[in-house]
């Protein structure tokens, strides 16, 4: 029973972080049909923001809020630097520029901050351990689950109720038609990037909370995670991304228990082979996205 | 097109020209220490320590009557960059080579030094692969080997603390992390301890949940946890363990001797952690330490915070002593001087076996405890009968 | 109101529209007729700003709008109903309509009133307001796109093939509705293949063939012209 | 004379002339650092021309290329690390592999073949995909290859540095292989297959309507590109002597991709030119970094400037000149055009 509780908490906490990451990737992909390779760097940006504010004496929540804001800012900057100049040219071009932007951010961190790992300030609650039904778990895990619920609720409300959300959903199916109704393309795209930055920023607090420090290359892993989750769940489906995130967490956590350690080290190879198979067999993922659409 | 080619040609031509005039009198010591990347926490303090030593030598008349110039090109924690940097330094006339820590990164510099026929010394490579066997008869490391480091940890755990059972995590990252565990396990087993589980981890994974589930499946709490990892990952692993309530003492090697790690663990997680390292940066270490501490503070205005600064100073001073004995920087002569003498250094007394037996360093280790995020020295140790490499 | 002069539109090397000039006056219903591939839809998309003109000029209310973006055109008062009947299939009927009123999103009361008006105009939409638009029938979807276009309070409505692929009885309903819309005073540019029906409601007509305007005149003149069918057959 | 006038021969001759000039200058200057840069440049020509033969002809971005470079490097290492070194370099090697050995030159080419075989075996189904899906799968393939290299300790020594490769890669050898790669890539581009591949690039639907078997055409291009990547990897391995899997991942991908994108993925001339320009810029910037660092103007280390400049250049080129510096016409075509113009 204790083990089960622990397992469930692990899956939910990990899955929550994965789901939010995946959501941030899908919201941009849904509208532009383009993968943002610089997405993982938003985590890095948030991390370095925390590091730079260490010692300012601000309450941690304020620092966290600034970190999330910076993540949003850089999310929008991705659009301006990497996407907008080449958006109309070709898919390949945008993929390369987003990859290039990711390199710029990483190397800017190397150059202007430090190539070394930097410790980030964390609140005391992050190093608190609680016991639930005999299972010992970091309080951070429960906070991750809570944050996931809040973010998903907020996100659902935004997409269902607000005119911006409706416009974004519309743009995901038929961008040209949405524009012909007066929905400004650039606003929608920038909003998508901002939301993607918001999600990455919130995840980063928990992601980095586990590690306690930030390095320039920190973004690769979350990017890969978001990739797998979205491909499993459906590159263009919002519920799919959430499902994919939780499913991936379930698979990962179960493999941790089942796979012998000699095979476990090849886990990434397995999951990415799986990604390739899904793309071949069911390019839309497990949950089909909205009806077809085209790029701007 | 032609133009850019010419530019390269001119640039490289120029740099060699200026370099060759500059070294007419000076004695150039090349360095490929990594100032960036995962290796930086070990190499960068060494770089600082080496600069103190160079200044000290020059203030006291130089070496063989020549001023010493220490030129370091960032190896960027990448074996390929280290190799390229070493070649560049030999082109500029380097007569001695300071190689970065550890076999994976220092190896390429050692090999280039060997092929140029000069002596290279790594500041803190502790894997027994860093030997004359694999690199050649003019290559040395300042550090004790992992045989000593692993055995010291094992003896402290079993003999001094009576921890009978151990759980071992080995980062597969580099030769150092692998062999440190290997010798700990060998020695712990040999003196009567029991290894409950040997698990692996790969640097940069940032995810320790798989290992934790295997540890929990044991159903038994180990008396001690031996973690051989590197850089921030040590912090990731310790955090992960402590967060789920596993409070067994943790023990490891010199990679723990990193103030950033201590800060990362902080008061909450930085307890009951022990590590084997090169020396202690305080008067407790030995009679020469206060002099160094003073020189260091004069140069940098702060106290040194890791023993890796001492390895940098020691590497340069060891080279200087050997060169003075040999009377030349010629590789064969300096290597012979290193093999035949015993040197008193900040990191303890050091002697080498001959080239045929690998240039095995004969050296003691310093044991340090982490209490509330602050290191506390426990004293010098020399294992009774360390395993053979 | 809309004044098009010497318009050229290209798809790569293909000239889809060649030197087309056309105008629509306030309150008029002008229809553009022609066979498949005559360039009618291209013309409409270019006016709406979704395609870029390679040459020529489009003005609206005296303002040069040749290079305007689609979102600008709506703002100026031109609403497009494309032939592809682009409802947003995953959005509900109400959400589709709300999006139509995107420009007036701050005027909540006004939007509610407009919404009631179009629901009165199309009672079927009221019955299905919380259904996903993708589940509607073809005729209902056509009603929805027109209703959605009206939500932007346009001065000019661009209707591209509203009868395409619909059952004859539904086609009749649609044309009945177009007549009602015209009666409200809105300016309409209508593209149709169903020339007979279109000419019954239109004031003036243009006939396009292979990207060029070949005949123009009042609806009666064109309807009376004997070579209309010849034009359609491409002769 | 008419043979010399052939525009393809002219292209190959001009590009090889460039390489020859490089070798010549290197011998004239006789500075070890310059020779090393020139050698790396030639290896990069093999890599970038290899990537061009897939990306240029099919229009699909491939991330997996560097993975095949790794396959070539490790294969060649397995075959050439001297017996007395093997125990240290590959402590976990499978016993049946201990006896494997080949001369380094042969090993380099076998490395290419192994890379090509692996590419052939895994990639056929992937070639159905286009656009973002194709890019994601190639990215996933890179992660798979990287993970295998990182963890298959028996064969690669895991994440640890593999050492002991005989350093046989010389500038003349790499220049010859680079010249060969240029010739092969041009032959492929102008062959019936290459033309078919470019037809699928320009209009996939039309190509399919014409009865072109798109996946098969792309597949063959992919195999060729993996072959060249594998050979490039082998050459590189025998040049640096020791490396770890980290050398075959995103950073390297970025450099190779940057060279191709800036030069122009559509042409071999562009690919080669991209290598020269980026190498020149890289080395100048790196010199600048070293100078700044040794002058200690900044308190910290100056790192990453080269990558930042390359990244901005890529974005600028893609925004302003999406086809790269040499988008469509090979140098041979340009020369022939010039001669004709003068005659006419």
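For clarity, chains are labelled A, B, C and D in written order, and residue numbers in each chain start from 1.
The criterion applied here is as follows: contacts are C-beta pairs under 8 Å (C-beta built on N, C-alpha and C of every residue); 3 or more make two chains touch, one makes a residue touch a chain.
Remember, predicted model here, so these are calculated numbers, not experimental data.
Enquirer: From the Cα centroids, identify the chain that ends up most central relative to all protein Cα atoms.
Expert: A
Enquirer: Hey, how far is the Cα centre of subunit A from the one of subunit D, in Å?
Expert: 32
Enquirer: Taking each chain's centre as the mean position of its Cα atoms, how many Å separate subunit B from subunit D?
Expert: Each chain reduced to its C-alpha mean, subunit B and subunit D end up 36 Å apart.
Enquirer: Quick check: how many Å separate the C-alpha centres of subunit B and subunit C?
Expert: Taking the average C-alpha coordinate of subunit B and of subunit C, the gap between them is 76 Å.
Enquirer: Express in whole angstrom the distance between the two chain centres, defined as the mean CA positions of subunit C and subunit D.
Expert: That pair's centroid distance is 53 Å.
Enquirer: So which stretches of subunit C touch two or more other chains?
Expert: Not one residue of subunit C touches more than one other chain, so the list is empty.
Enquirer: Multi-chain contacts only, two chains or more: what residues does subunit A have there?
Expert: Those would be 110, 115, 265.
Enquirer: Send over the residues of subunit B in touch with two or more other chains.
Expert: 35-36, 172, 202
Enquirer: Throw together a list of every chain pair that touches.
Expert: A-B, A-C, A-D, B-D
Enquirer: Under the stated contact criterion, what part of subunit B meets subunit A in this complex?
Expert: Within the complex, subunit B contacts subunit A at residues 35-37, 40-41, 172, 199-200, 202, 204, 206, 209-210, 213-214, 216-217, 231-232, 235-236, 239-240, 243-245, 260, 263-266, 268-269.
Enquirer: In the complex formed with subunit C, which residues of subunit A make contact?
Expert: 163, 166-167, 169-170, 173-174, 176-185, 290-291
Enquirer: Name, in rising order, each residue of subunit C that touches subunit A in their complex.
Expert: Answer in residue numbers: 48-50, 69-71, 73-75, 79-80, 82, 86, 88-91, 95-96, 98-100, 102-103, 105, 134, 148-149, 152.
Enquirer: Mind pulling up the subunit D residues that touch subunit A in the complex?
Expert: Interface residues on the subunit D side: 59-61, 125-126, 128-129, 131-133, 135-137, 139-141, 143-144, 147-148, 151, 250, 254, 257-258, 261, 300-305, 307-308, 310-312, 314-315, 318-319, 322.
Enquirer: Taking the touch rule as given, give the residues of subunit B at its contact with subunit D in the complex, in rising order.
Expert: Interface residues on subunit B, with respect to subunit D: 1-2, 4-5, 7-9, 11-13, 15-16, 35-36, 71, 73-74, 76, 78-80, 83-84, 87-88, 90-91, 103-105, 107-108, 111, 129, 133-134, 172-175, 178, 202-203.
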